[in-house]
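Everything on this sheet refers to the single structure shown next.
A, B, C and D label the chains in the order they appear, each numbered from 1.
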Amino acid sequence: MAGVAMNLRDSDSDAAFRAELRGWLAEALPGFPPDRPGEDDWQGRREYDTAWQRTLFEAGYAGIAWSEEVGGRGATPTEQLIFLEEAEKAGAPYVGVNFVGLLHAGPTLYAEASVEQKAAHLPRILRGDEVWCQGFSEPSAGSDLASLRTRAIRDGDEYVINGSKIWTSHAQVADYCEMLVRTDPDASKHRGISWLIVPMATAGIDVRPLKTIVGGSEFSEVFLDNVRVPVANRVGDENDGWRVAMVTFSFERGTAFVGEMLQSMQLVRDLAQVAKKVTRGSATAWDDAGLRREIGHLSAGLDALWALTKRNVSQASRNGVPGVGGSVFKLHYSETRHRLGELTMRVLDRASLSMLDVSGLRSGKHVEGHLHAISISIAAGTSQIQRNIVAERVLGLPKDR
Amino acid sequence: MAGVAMNLRDSDSDAAFRAELRGWLAEALPGFPPDRPGEDDWQGRREYDTAWQRTLFEAGYAGIAWSEEVGGRGATPTEQLIFLEEAEKAGAPYVGVNFVGLLHAGPTLYAEASVEQKAAHLPRILRGDEVWCQGFSEPSAGSDLASLRTRAIRDGDEYVINGSKIWTSHAQVADYCEMLVRTDPDASKHRGISWLIVPMATAGIDVRPLKTIVGGSEFSEVFLDNVRVPVANRVGDENDGWRVAMVTFSFERGTAFVGEMLQSMQLVRDLAQVAKKVTRGSATAWDDAGLRREIGHLSAGLDALWALTKRNVSQASRNGVPGVGGSVFKLHYSETRHRLGELTMRVLDRASLSMLDVSGLRSGKHVEGHLHAISISIAAGTSQIQRNIVAERVLGLPKDR
Amino acid sequence: MDFELSGDQVDLQEGMRKLCEGRFPMETVRELEASDGVDRALWSELVDAGVFTLRAPEADGGVGLGSAESVLVFEELGRACVPGPLVASEIAASNEVVGIVERARGPVVIEYWNVLDRLLVLESNGIAEVDPASVVAARSEHPVDPLTPIWIAERLPTGVQVGDGELASRVRLNGALLTAAIQLGLSEAVLDVAVAYAKERQQFDRPIGSFQAVKHMLADMLVRTEVARAAVYAAGVTIDDPSVGDVDRAVSAAKITAGDAAVKNGKAAIQVHGGMGFTWEVDAHLYLKRAWALDTAFGSPDFHSELLATRL
Amino acid sequence: MDFELSGDQVDLQEGMRKLCEGRFPMETVRELEASDGVDRALWSELVDAGVFTLRAPEADGGVGLGSAESVLVFEELGRACVPGPLVASEIAASNEVVGIVERARGPVVIEYWNVLDRLLVLESNGIAEVDPASVVAARSEHPVDPLTPIWIAERLPTGVQVGDGELASRVRLNGALLTAAIQLGLSEAVLDVAVAYAKERQQFDRPIGSFQAVKHMLADMLVRTEVARAAVYAAGVTIDDPSVGDVDRAVSAAKITAGDAAVKNGKAAIQVHGGMGFTWEVDAHLYLKRAWALDTAFGSPDFHSELLATRL
């Protein structure tokens, strides 16, 4: 039965991959600076993240999920999960500024770009030589992304772009932007969009940091004023950009939230420790049966989500295409993180007023985690949109629009 | 300041009314049989409830909110609240089978019926001589009440009715039914409805008990097979029945849930007592800080709802017309009762498996209360419909249909 | 790692589903109220299908499969809303009808007492067997679940020790696992019922399933079901192969999430049905009531949350 | 009973609203971050309006009104998201800037420490006054609410006893009441902001407020607000006239329901705003953060729930 039936054990090859990776991480990490440069040092962060990417590349771990023909490892979704799990556990640097290149623009280029375009970008992304950002969302096109209005008008061999983009991470230090622009304003909204490679050094691009409710400027707005981009930078046909952009979503293999998940599980364990230090009446918050039980209940939810991650990855391994497992995961994960945030405030009581640790109590990251939770039910498809997706695509309920 | 500013004190006249009523209840109740006949004894219940109604009538407390010209007391909404509060506190019988006559059909007749129709019914309703039931809902017309399909075809001086009604309380023992029927199938759905007085003794009416999830048969289905009713029994114009039916809703003066509210508050107090008796580990459920706190939290919700009831009644007193206070109340009350039900199961643990008391523990009514709670978010407008009402009428959001 | 069902497992699941559809359609389940939840002929069919001996070694006449498989089987029993002391009988690996209760300081609620062949009592440090006929128990005329008839015993006889503390712990663990599997099945079934109704029921000239409020309730039901499925399957796999995780923790997470899904889905399904959902005739309430009856079996969500907290 | 505002009360409410709209538009409120929440000139305007002496007897230079009126005034301060130690200063009936803290076994969080003229410490059996300058406190560079700057003191000096246990109880009660009134105002204001956005923001060629999912979130916000309003007004009236109910119970119900409304409405408003709600520029987060900061002031919801339970 073993080996064929449903199981959570590493296969022999997965076990070998995990062991090799763990060994390599144990050797590589001590030589790598432990602290990523701070919030305002974008250039420092670019250097840090790309240095780690080059280290991965040299060890053969870059582009875990990319096919071998473009220099990736061609790993299975399960190996990708193992990679993310071991990297997180070992405290390895995050993908950081390489995120869009490795997980979004790169896969799109791989699937849809010309031979020249691939050759120009894919190896550089893998080596950490090239950083990408994403220009999809606009202030007036959020849930309804296809209503985007940034215009690109053809002028000979060039597109002239005017408009603005929002929620662009790493725009300050990116070399290229994968950008959706409207090339036919008269077509129905999904039909008049094109997908462009926009060099961020082009004249007319203005990047302004966007302050979030957490306080930092993780994202930017990008303003485009007569930005000229060669027509040769288009990927796919003119006006076929919506389809091109959608291709990448099918690249998601259930691993999108692995790092977050493991961090959340750590957050709950740490909250239990914090609860043991917070005074409550004549005892501690941990001595309160109600609070303790709610921490346990949250932990159950996260354990279930971790199991669901493994189901989603197993499905992706078998079928190659993602189900709606991602939407199901994200809905429950959002709700769980909101509940964790609320519980955090109750456990911390007065210490919840500070986003920094309060006199020795390691409370700060828990409060910040609550603020972060608020973005989870919004970013990459609000919970309302996700529920529509689940209801219509899985349950077959009639479309509402 | 006192007397003019916002206050919760009885005015002199209200205090006098309360004292007089309390005195009367203290005298009248001991002479009245304490136990209402059981579930299957419809005739016994009719006799019990109408006997109490006659007692009220003779003491001048019948039709508290009805105008004096039709034999009522012409009381203010506040006096109505006081009446319900004192009756509940004294353990007086409920309105029972007189409900539809006193609170729904009667007020409609008073507002819309002819002089003859009023004379024929109103005094008899007040005295407890006449029992009414309601025939509005149909199996296929629930939230969308105006889509009702029970047909009434005119044949000379009579309407011939075919169709069926559902959720009809007291149909077994009612003398009359206030019934909405479709008289013009070609008109738009709200425009082809008429409001009829249907004598329940008419040939072709078949009443079948409808078992609910609580187990009893509080409601019935009413099947109508060529039921002939004089045209003279129509109230209002032909095809104007929707408006006629809506008139009664404006009769609601914020007191619809007073009895339920007071019972719910008692339920929470009793749950606290039960919790003190349920063993949990080496102590009791009440010793569990989490459960105790949730009981306190629920109690806060009910206290707030009781205050909201008083606000709604005060508004009705001032303006004569109801606001959407009723929808706001019902939404929160539904949610609170659902939460109370869930908490009940947690407090009772294994005793929650029985709807009857478990060896001396007075748990049965709490479990039954949980089943009842399920109906609260459905009956008289589901929570989904109520949210639409609140969003559209109070917040002015665009209609969805 | 391959957390998808194997071909054999899919066959087992489908076979069980067909058996339940054939033998336990909802009309039959409703009729079982008259025989206090257990009809000996139908019970024999479950026995013959190996439901109660699936995990027993082949040498002992069992099927020799694992907990992962028994979870799939019990999920189907839940989906079909099959009543009876299913979990206890499987744990006893018995073809008889077996009940299991926890000894308590106060009165004990015994399910299906009058159809039990055997009764096992979980003690703080072992398991005792008690002759059901020796127990003095009073019937509750109104059990919350009409298909989970209950009796209340003020006290239980001492009985004969038949297992040690370690076995008692294993019984509790497996009891929670299989109960969670039934709860998972209930969650799925009641979701199916609600979705079918939402597609068919018209109000305001549209199927009610086209209204976002209804749609989103149903989406949330699916989410709860899939989260529970992941937890329940993981718990089954972990019992079979403890090297992949903390067994107690996996089982508690399964019991909590599946209990949550079954109860909340039951309530949501009734709400989706509107007034019709409040009628005895519509099935939704039967799933909810079973979910309630199972919620406290082999540890309530509160109990398992406390357990999980202590393992953090 | 007349639980509607009197004409005078409506005038008071409207006057206060106009004052706040004029002096504390959101641009100004945001700018107050630079002066740690309190600008002396603006504070004087509140002093002149009698905000802090509304309930003080006329003989003492106060306005001589009741708690019902102070609730209306503080509701408006909440609606305008006015920062500063408003509640403590009212309770001290002082024109100075006053802080109140609970002495605790561990470190104490002091709000607005560097702008305080006076600091009162609630003890288990009385009130002490402490010179703010004598307190050693470290600033948190990242308070959760940018307009509620905080300092952490490892310990508080003993101070001078200025009130007995009964006065301390009264202070706690009134502190909870006025905090609840601010929370009520926050709930309303953030609902208004969300409703306005839902009407204006178009997605899928419709205002998002026409989608049931958004509509129902907003309806729930209104429900929470109105439930809180009833509880908060009732608590104010009950403090003025204890014959109409249990004062402690009424205040706890107000603090719980208003806290719940403020926090949940804050979160819901951000969700309604989608991505824009996650930007610093949109006001929604400022209401939520204030709601969080006030949630633990004068007793958390957990604290008041426990209190209420003991009074059942």
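Quick note on the criterion: a residue touches a chain if its C-beta (ideal position, glycine included) is under 8 Å from a C-beta of that chain, and two chains touch if they have at least 3 such contacts.
These figures come from a predicted structure and were not determined experimentally.
Leaving out chain A only, with every other chain where it is, the touch network remains one piece. In terms of C-beta pairs in contact, A-C outnumbers the other of A-C and A-D. The chain with its C-alpha centre at the largest distance from the centre of chain B is A. With centres set at the average Cα position, the gap from chain C to chain D is 48 Å. Separating the centre of chain A from that of chain C, both taken as means of CA atoms, is a distance of 38 Å. Annotation: 38 Å between the Cα-based centres of chain A and chain D.
Averaging C-alpha coordinates per chain places the centre of chain A 53 Å away from that of chain B. Of all residues in chain A, those that touch two or more other chains are 289-290, 293-294, 384, 387, 400. Residues of chain C in contact with at least two other chains: 211-213, 216, 301-302. Taken chain by chain, the contacts link every pair, so each chain touches all the others.
Contacts from chain D toward chain B in the complex involve residues 1-9, 65-66, 68-69, 195, 198-199, 206-207, 209-212, 215-216, 218-220, 222-224, 226-231, 233-234, 237-238, 240-241, 243-245, 249-250, 252-254, 256-257, 301-302, 304-310, 312. Across the complex, chain A is touched by residues 104-109, 111, 138, 140-146, 148, 150, 152, 154, 202-205, 208, 211, 213-214, 263, 267, 270-271, 274-281, 285, 289, 292-293, 295-296, 300-302 of chain D.
Interface residues of chain B facing chain A in the complex, by the touch rule stated above, are 288-291, 293-294. For chain C in complex with chain D, the touching residues are 211-213, 216.
Contact residues of chain B toward chain C in the complex are 137, 139-140, 142-144, 147, 166-167, 210-213, 215, 278-279, 290, 338, 342, 345-346, 349-356, 358-359, 364, 367, 371, 374-375, 377-379, 382-384, 387, 400-401.
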